[in-house]
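Across the two complexes that follow, chain A remains constant while its partner is chain B and subsequently chain C.
Let's look at the complex of A and B:
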């Protein structure tokens, strides 16, 4: 147990160091983006038809929320703030702490992306096994081709296509947003139904976009394991098919957990294109908005959240492997 | 070899095996090509038979045929494998075939191969095996496995608790033998049982094979490319080339007085412990592959020093010479005096 604890401590130390490095890099990159929040806002207001004077007055409010001092001082402020989980204040939503803005958006990202990832993982893995077993047949070929096709189509094309089909050609699903304003937000059937209805397109699109990767990965993994000697050995010992199937499945799915852990880390990156296209106010949507508005603090916060999530996902994946793979486990024991 | 009385007198006794006209073909883009052609081989009950051949000679395919387990794109296209108490294995299908594997015929994999599931302990896999074959008393099965492993010089309880990666090559091989025997199979097929093991471990494994064979009253088939292995354990020897058996007979006779030019070549290629290294001469040429095996005539003629015209057109039938079966036109024509007298004499000395 102490071995795992020590490993965990090592992971955490490395993880925190990684987060700090990424925070530093993204801080300087973000500050080097041409333009600034006030110019961006001014431009936007002009485009909305405001007179230059009115726009100037409106943007003047923002000065109060901008960080001051030299770049070095700002960096020091930012980093000390980090340790208090203070990511600064968003200028687009004057006065709101970045953490609050991120928290609000995360609500709309984590669940749909989680649902989409798990759905595509489940369906992709099952279809992958099927495609591997039937790889010499027509159905296996079709499954593999469907995987390659879906894997090859960019997310935004798929999202536009799905949107066009299900909101225009066969208008059965809402075009965007999170729920109908008709319903009182809360725990009532109407609101929840509307939530699900609105989440369907983003979730399904996300699932379709990642399904191709899963089916291809699982198929090749199963084909590899099927060719392993211990499977033939089990067959020659007269093992039951159901037991052999379990041997294949468990060995084949092992490498996929790494990919799954990494995609769960990306939960907090949101599905940028999909959220933008379906006007779904999640983290991906927020990230685009923050870049457009040159909202430094918000951008930095979003990047940091993604980094931290991926680091944590990696640590969890590593710990998970020690549970499911005896070879990793004993490697650890031997290392002490 | 010390012959100890049978430790586990099973209800079953050593079965005899008769392979007749066995032909196995592999589907390739160039059509179905034979890997094993018209093989006739008898394994008398209670004997150890060694099949020797180069890689690609079809010996592993022959071994898999005994369990009707030739892997696609290969298939048994003709012939039969009659096993006492089981009937023709080639005709078995589905559940019947599955039950025969493991219970009647034990198969031991090449040592270099990983024949165990890396994610489960040996013991858990043993339980899976027991459940697959409807063994009611799983405790007794574990006890039997522990005894078998102990018999082979291992700490049975420890091995059952181990994962594959925690075992050495020699230990894995013994675990493999345990899996082949634990359901009380009396026909055991060992495919390259000592390949990739060091010399000491090889010797240990061969001794174990011999002893377990005697104790349990088995019929054993050993597939190998190593004449030394056959000389060590086998009562009878069959030499395979290009998917055909070219010579078979009692091990001692075949090794001391090889008749077929291929057998002679094989023996001549072994470096001697005494004498000049130059005396060992490799067979010229290369063994045929699936695609280059001649469809007509003798499969060995391309490399044969005794080649005759008839070898081009007609496959030599197996002809009995005492206890021996040899398939060679030249031997029949009495031409062996020209080519291999010296070799045969050398081999006789080696054996003595």
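Let's look at the complex of A and C:
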């Protein structure tokens, strides 16, 4: 058995145990959230002017989809279902399995968050290197300040600001949704353009919110590596600056790859405020709605998906590190 | 290699730019120019593209009045619950004693797939309604206003008979308020022996119970039913949906298609009121239903090009409800004192200047229908106008003491009125803050506690955890609906198979803590729950004296202080369409799809 295979097996076992523990904890927490979602929906409809009988009809059906039985029985059902990838049926989307609801929402979260993460990583890393190399110059300072500022601004503030600017003051971007429904979905310029247009604000906001972290981390990492003896030795040997830069970049980026892999684990739950503010129907939005509606099955499913993604990302980060950093690999081999 | 990469990046950027510009012009003109109607369903946030075109599914892509049709559309009448506009039904005849209704269908209406709409479609839809807990088609034994028989008279006529053992004045309303689904698409959702099962469910014993369970279980199957494609008898039919929008196109087979102006309808989803405000401010929507908005937002909405706001009667009022199981709120003088101290004009000015009008008094009825129901007697009710001196008199009558400018309980212990409101209900919170200010100014210590959300608020208020909280009342137009919010389950009365029972204060859901019998000045001893129960079957004439007794009871006993009566505010835009309903129109509670299908809405020339 290779080192990587052994590590993978260990990680998987721990990961599955972790998911089961989290599933159990979240099950009991969720089931103990107080509140009567159906009464709330009924009253809300009344306030909006719906007649009592229409409001009753609109809400009565939801009762059939609420979990029944004792808490122990519900837990047993939930865990049995979990092993069959059956997360139950949503109360707010009656008749639709939770997995289908999550699947639909997940694609609208993963793509923009992935794009935002990669964009911010790319720009942040490049700017971070530049800020480290030029750290005594004005530009280096400006880059570092921009990173600190953006890192300090909460995601939702940035989202509100971007929304106010680009949908109200200069209304050049759409206020929500995934694509204009007038375009036939498919591989055509109009539809793809509309997808990009609608994703622009969420992606750019996510990228801006994450960029600060990357630039600061990369700058710090580069500065540390620049002070290492092997860089001094390379300079003394008269190596080309481009080769030295490659040494610096390779060593400095290692910790950032780990952070990147871990942040990919947040793909499924990392944009709650952005989705809510931009009316972008991804998992974050779904999670908020499921909490408001006390949709236990959906809440449980969303938490589970986020947990599983983080566990998988941790495993991948660890394995990835083993692959890209020879020191870790050789250390493991020496130990065996 | 580097040049190649650079060229590839540039090409990608160019492609993206080209695609983006295509989305803002290009195909959009194919939307039919002025024929695209953009709207929002305020009752249903979120559009689920995977949801079926199923009107029974809360998330279904069936939009009431557009591609989801009912037999008829209920008018927003002040007092009569049995006034309708035609829908699938062209006309109807209600028996004088309310024992039956005979419905005649539109003679020329067809489904979007070309098949005619027939009485069999209605019969199947009534069968489906039984599985959904519908009022006229309830299977609960002894339910008020339930149908006893459904008879297909001919291809275009259906007769529905009421079970007169526990009749309801709202029977016809319950029948005509039924969705109609195409039998040739939905036929399979009901088993062949459904009508036998229904007959069995009306009996007693284990077999009847089993039949009821089976019918209820069918409800879930029906909610999940997904027709292969939308087949509509309304003015539009669903073309497609994505998570942000749904597109409907005109149904050329609709009986009044010639008078349906828009070629297409686009529904936008929303996740919060802020998005609706933004859509309205930017003039994007042709119509949006009632959405609460603070004054500054409302001003911006009004300034949008073509903005047209229509206001009318909304049969809802909000009251500050007391938990009479807690001291000192069990004392009517304390409640009256608070009513005199609260200046409702000021509260509404701050909290809901556009969405409500200050209540003229506490009668339990919205002020507009109150004039119809009570006539001159409305003026005889105590108005509880802001009057500090009267408040002090009432507090003294309750035995409260004033020390150092602050009111205390009779035994001298401090008194603080704690009001609860759910987070996010900005109008309620502003109102309570204003009330707190007014009370504090006059020596009554008060506080406002914000609860995490509405589901929690309702659970806790029902559990009797609060001193006072806001409660929706006066739901019209049916008299029973008006008073069941005051003298129904929340005050301990339940109506089981026509028999009224009362639970003691603080028990059996009686969170308001009202007594079973109240001695009302000028009326005598009153059992308000019993009287409310009688309203279920009473016609308008029989209901009037009961309504008066209940109004006097509510006015003197004050289980709630009626603060403001809601106003139905509808947002429309004249930029692309005209012909909107007039102010105070009885169409205002109906979806804009009904206005369109009735041929009122026209393209702006």
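Definition applied: the second predicted complex is superposed on the first by the 326 of 336 C-alpha atoms of A that agree within 3 Å, B and C clash if a C-alpha of one lies under 4 Å from a C-alpha of the other, contacts with A are read in each partner's own complex, and residues count from 1 in each chain.
One rule holds for everything that comes next: contacts are C-beta pairs under 8 Å (C-beta built on N, C-alpha and C of every residue); 3 or more make two chains touch, one makes a residue touch a chain.
All values reported here derive from a predicted model rather than from experimental measurement.
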{"item": "Simultaneous placement of chain C and chain B on chain A, clash or fit", "value": "fit"}
{"item": "First, second, both or neither for A:220, with chain B first and chain C second", "value": "neither"}
{"item": "Touching partner for A:234 - first (chain B), second (chain C), both, neither", "value": "first"}
{"item": "More chain A residues in contact - chain B or chain C", "value": "C"}
{"item": "Contacts of A:325 with chain B and chain C, given as first, second, both or neither", "value": "first"}
{"item": "Partner chain in contact with A:276 - chain B first, chain C second, else both or neither", "value": "second"}
{"item": "Which superposed partner A:146 touches (first chain B, second chain C, both, neither)", "value": "neither"}
{"item": "Touching partner for A:247 - first (chain B), second (chain C), both, neither", "value": "first"}
{"item": "Distance of closest approach, chain C and chain B, by C-alpha atoms in Å", "value": "22"}
{"item": "Interfacial residue positions of chain A with respect to chain C in the complex", "value": "34-37, 39-40, 43-54, 56-58, 60-62, 64-65, 92-96, 100-101, 104-105, 108, 167-168, 171, 175-183, 185, 189-194, 196-198, 276, 279-281, 285, 288-289, 292-294"}
{"item": "In the complex with chain A, residue positions of chain C that touch it", "value": "16, 18-24, 26-28, 30-31, 36, 42-43, 45-52, 56-59, 74, 132-135, 170, 173-174, 177, 216-217, 219-220, 223-225, 240-247, 264, 266, 268-272, 275, 278-279, 281-282, 284, 289-290, 314-316, 452-460, 462, 472, 475, 481, 484, 566, 568, 589"}
{"item": "Interface residues, chain A side, partner chain B - complex", "value": "228-230, 232-241, 243, 247, 250-251, 254, 324-327, 330"}
{"item": "Sites on chain B touched by chain A in the complex", "value": "64, 67, 69, 71, 98-103, 107, 109, 113-121, 128-129, 131-133, 163-166, 176, 179-180"}
